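Okay, so chain A shows up in both of these, paired with chain B first and chain C after.
== the complex of A and B ==
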């Protein structure tokens, strides 16, 4: 065709045809969702965290429970002293022991103690045949030459054996962080799915049946929502004992009230619409109408409520872990890691900051994604 | 209005009864008696113990006895500390917690409302970004993390404030910030969005059109309606602060009710857990009830059915 602007003969078929590409509902949501940079950032963070938690443990040589009391409370960045023969470094542990550190930053073995010279405030260690002294007459402690009374030159090194350091039982923090993230995410997801199922069924039945059933069911929800739920989660934990299962059950059975309300509101609006009437006319059962017509249509709001519930579940799990009624050791979650770290906050703040940072990242990410999803699923709500 | 009040009050009583029933049932569903332990106790001693704590009666009888006790402010004896009553824990711990909570609420209101107003008035400018950025951070960081960070920087590093105890006014600063951080951020956000919404309404345009100064429009016309949602969340905020104080009291070693609760949980002191839970629940429900009633009084647009 030479002239692109030439009139074509319009047929009836052409007039009816939709020329642009069809966009599905999901595509539409994705289109609106990705316009918000914060939502995309949150989404990417969540994917990375899931990868970190799921695949991370494959790449680490440590286990979350293996204790190594020789390397307790080692920070990610260590202050080290040069050995007398200058082919390595020495690190003073908090237990007043001396560790060998290789030049690349990996940890070696502990030095053997030779004798104690308390009048000179020194502990003498044997370093490859040479005697070195840990001088504790000044703070911070230093490694000195016991003969000449000189301090060996010091420098700072990144810890290559334990990238994020070790905790108070000598466990690798990075590995524990992977397992902790995994546990926290898993608890949150499972608890929220349980909540979702209970809430959908409860709200769906209440909204669809209406009348007295609705009145009674909603009155029950009203009463439950006045009960401070944190107390009940704690109470359930007390009876069932601490552990992964009990946390999931405690969180899963308590927070469905909001979900039930959301679903009920949606169902109330939807059930008057024509497609439901049509389904009724052709004789669909209540169950079919509820499960195949009403709930899929309410999925948007359900999804938003779910993404908003996940951070509160993670928050609650961390809260319980922090109170010491969460998981049984040695199992780690982000909350229990924070709890374990509070004892030596003064000397090893990194032990607290690292899991706390991950908690904050998760909370941020899910909040942003929830916000984005709400705007994307329901543009009417957008202010 | 009176009808609505009575209805809400009745609902609160029913909920309270259910809470007591639920707590009682849960606590008695735990297998083994409170004195089951590794040590073998002679039968007479066990019987005497059971009699002393009324465990020899049937469950419904025990329940009504317990219920009657609660109405007289008697939550029964502690299982772990012999000779101590649960109500003693409550009467020593609660005033401390309540004082901390009250100061925190005042602090939250005094800080959140101006922050929200500032953000709304300067909508889209850097002040708005700053306040909302801080508020987003405040909503997402758990209180125990805030508390630990505050302790690390202000107590360990800078040595300005004490790490624990509330003997001096300085001791209150960190717990209040840590405890109120979430509510503060949440309320500031709420204040902002509600003020923005009100500012978009017709009567505000009218007020501006008749030549009122901007401060007068904001303070006299917009604020009255914009404050209502903030007042509504006061009830849940009290609840939030109360449960949040478990952790904060533990971190800062404040001898409040939260510490008793947490300790009783870890020591499995069942009567104390039961008593403190019921007390907390009753207190929180009463607070929410009061706030709701107050809310009805100040907002004439609300219809009571």
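== the complex of A and C ==
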């Protein structure tokens, strides 16, 4: 075109054309979801946690219930002393025993005790034919040469046998963490299913039908929500025995009430909107109106509620476990692990710190993902 | 055009309860008829009951009393289930094209909804053979079918709303201010689309609007409403050329004239004051509080709709 300012011929097709790219709904949601770094981070953390919980136990040689009383309360990073013949290390356990540690950080067996020399504040152990002394005249205790009264040089080593250490019964914390995460995610899954099915339908029907139906349905919700969850769990445990199934049943029977309230509120507002009125004049059935008009439009609040409820369900399980009315030993959940760890918090803080960190991670991840999903599912926020 | 009556409204009344013992007299004893292939325009100020009238006819609201007769059947007492076969024949176009389309549905799903609701097609996938021609008919293309409503302009959205209302080829379409949310160039586009459909399929429209010149352009008959009652009803040309009710005169006097020379000549005849509250409508003629020709009888006796010749009905004591 020579003259840039020449009038262009506008066809009707040009006028009606929408210039943005056409994407499927799923593609659209994914596009908006991945623009938010926090939601992607949360999503990756959740995937990793699921892998960790589901596939992790395949790669560990320990089971969550195997006790090894020789290696109680070992931390992930150990202070060790060189053996007399310098081919390994020695670690002093909290039970005043001495443990052989190989140079690569894996744990060996306990040394046999030869005799007690209480006047010299020493316990003599036999290390491959040489006598070594555990000297307890100073704190922290040291390994010394009983003949020369010299302390063996010490160093710090990562624990390669138990990457995250062991608990007070000598169980591998990493393995128990996998099973604990499994329990937490299962609880989260149950909470989501229950919310999505019972909560949404109950709230939706209550809000849409309104009037007396609404009043009766909401009073039932009020009654359910006034009874504390701990009481439910205890009552259900009396009948069914303690364990995961009791917690899941307790969560399943009551955890949908918040969702029902939120959905009802949303539906009450939405049903007066013109597109719902339009659907009524078209002659669409109640089911169609509820499932294609009301609930998809309430999805934003539903997702926010779900993502707030997931951490609270996980936390509820952990809390019940911590109180001792959740999972029973030797089963592991993040809450019971925290509970077990409080006994020797001063000497082994890692036992509390690690499961608490995982609880935090799960909660953060779900909150971030929920936040991202809410924005992503709203087509009006399309960019 | 045949003389077949599509819709007959007798004494239709709708009262709303408004907090406590108060009642809003939104619609009080309105009667009119609508023939096949014709358009009845309803005009009046905001709050005069036009939309209530439309929504009561379509049975979005339950009428307090009166009769709605569609195609010879009284549908006033039918429940929503019994009403469903009639819904196929009466559809509605809404005022706000932004609020009346579900933001979470594609245009295809929106237009296919009536087809699915009335079992014209059994599955969503089969709806395309109806949806595509309809889209092209309202000036959109097939590519638009998989788009969401918010991606469209106001005019395009309203055409989607029209496509949804017309896809079942109903006998009666209630248009509740279908053009008032659109700008002028698009108003004409939408109106012409509606007129074309009328010529093709013989649809009847109950057309509600503020815009008096637009009503004149589309309607065969015009009804003027004031505070829940019909003030005047008759053929369009008759009403516009020879308005009898003082309210109609005032309304027509408020139409702006494009030519400033003519506008200056025109005597000002607009109506003073505001519309009274429909909770306590004035006794007698409801317009008497604002009527420049008010007489004693106007405060005491409610005027009845009387024929003033040529089917021109008016409710005013001055015209007795």
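Here are some notes:
By our rule, the second predicted complex is superposed on the first by the 292 of 383 C-alpha atoms of A that agree within 3 Å, B and C clash if a C-alpha of one lies under 4 Å from a C-alpha of the other, contacts with A are read in each partner's own complex, and residues count from 1 in each chain.
In the analysis below, a contact is a pair of C-beta atoms (placed from the backbone, for glycine too) under 8 Å apart; a residue touches a chain by one contact, two chains touch by 3 or more.
Please read these numbers as outputs of a predicted model, since none were measured by experiment.
By the touch criterion stated above, A:288 is placed in contact with chain C alone, chain B being left untouched.
Legend: residue contacts after superposition of the two complexes on their common chain; A:352 is shown touching chain B, with no touch to chain C.
The partner that reaches more residues of chain A, of the two candidates chain B and chain C, is B. With both structures placed on the common chain, the touch criterion links A:296 to chain C but leaves chain B unconnected. When the shared chain is aligned, no partner comes close enough to touch A:136: not chain B, not chain C.
Looking at the shared chain after the overlay, A:18 reaches chain C, while chain B stays out of its contact range. By the touch criterion stated above, A:279 is placed in contact with chain C alone, chain B being left untouched. The residues of chain B lying in touch with chain A in their complex are 11-12, 14-15, 18-19, 23, 26-27, 29-30, 136, 139-142, 144-145, 148-149, 151-152, 156, 193, 196-197, 239, 242-243, 246-247, 250-251, 261-262, 265-266, 268, 273, 277, 280-281, 284-285, 288. Contacts from chain C toward chain A in the complex involve residues 58, 60, 83-84, 87-88, 90-92, 94-96, 99-105, 109, 113-114, 116-118, 139-141, 143-144, 146-148, 150-152, 156, 161, 164.
Residue ranges of chain A in contact with chain C, taken from their complex: 12-13, 16, 18, 20, 22, 273-275, 277-285, 288, 292-293, 296-297, 299, 379-380, 382. Residues 219, 222-223, 226-228, 230-231, 234-239, 311, 315, 318-319, 322-325, 338, 342, 345-346, 349, 352-353, 356, 359-360, 363-364, 367, 383 of chain A are the ones touching chain B in the complex.
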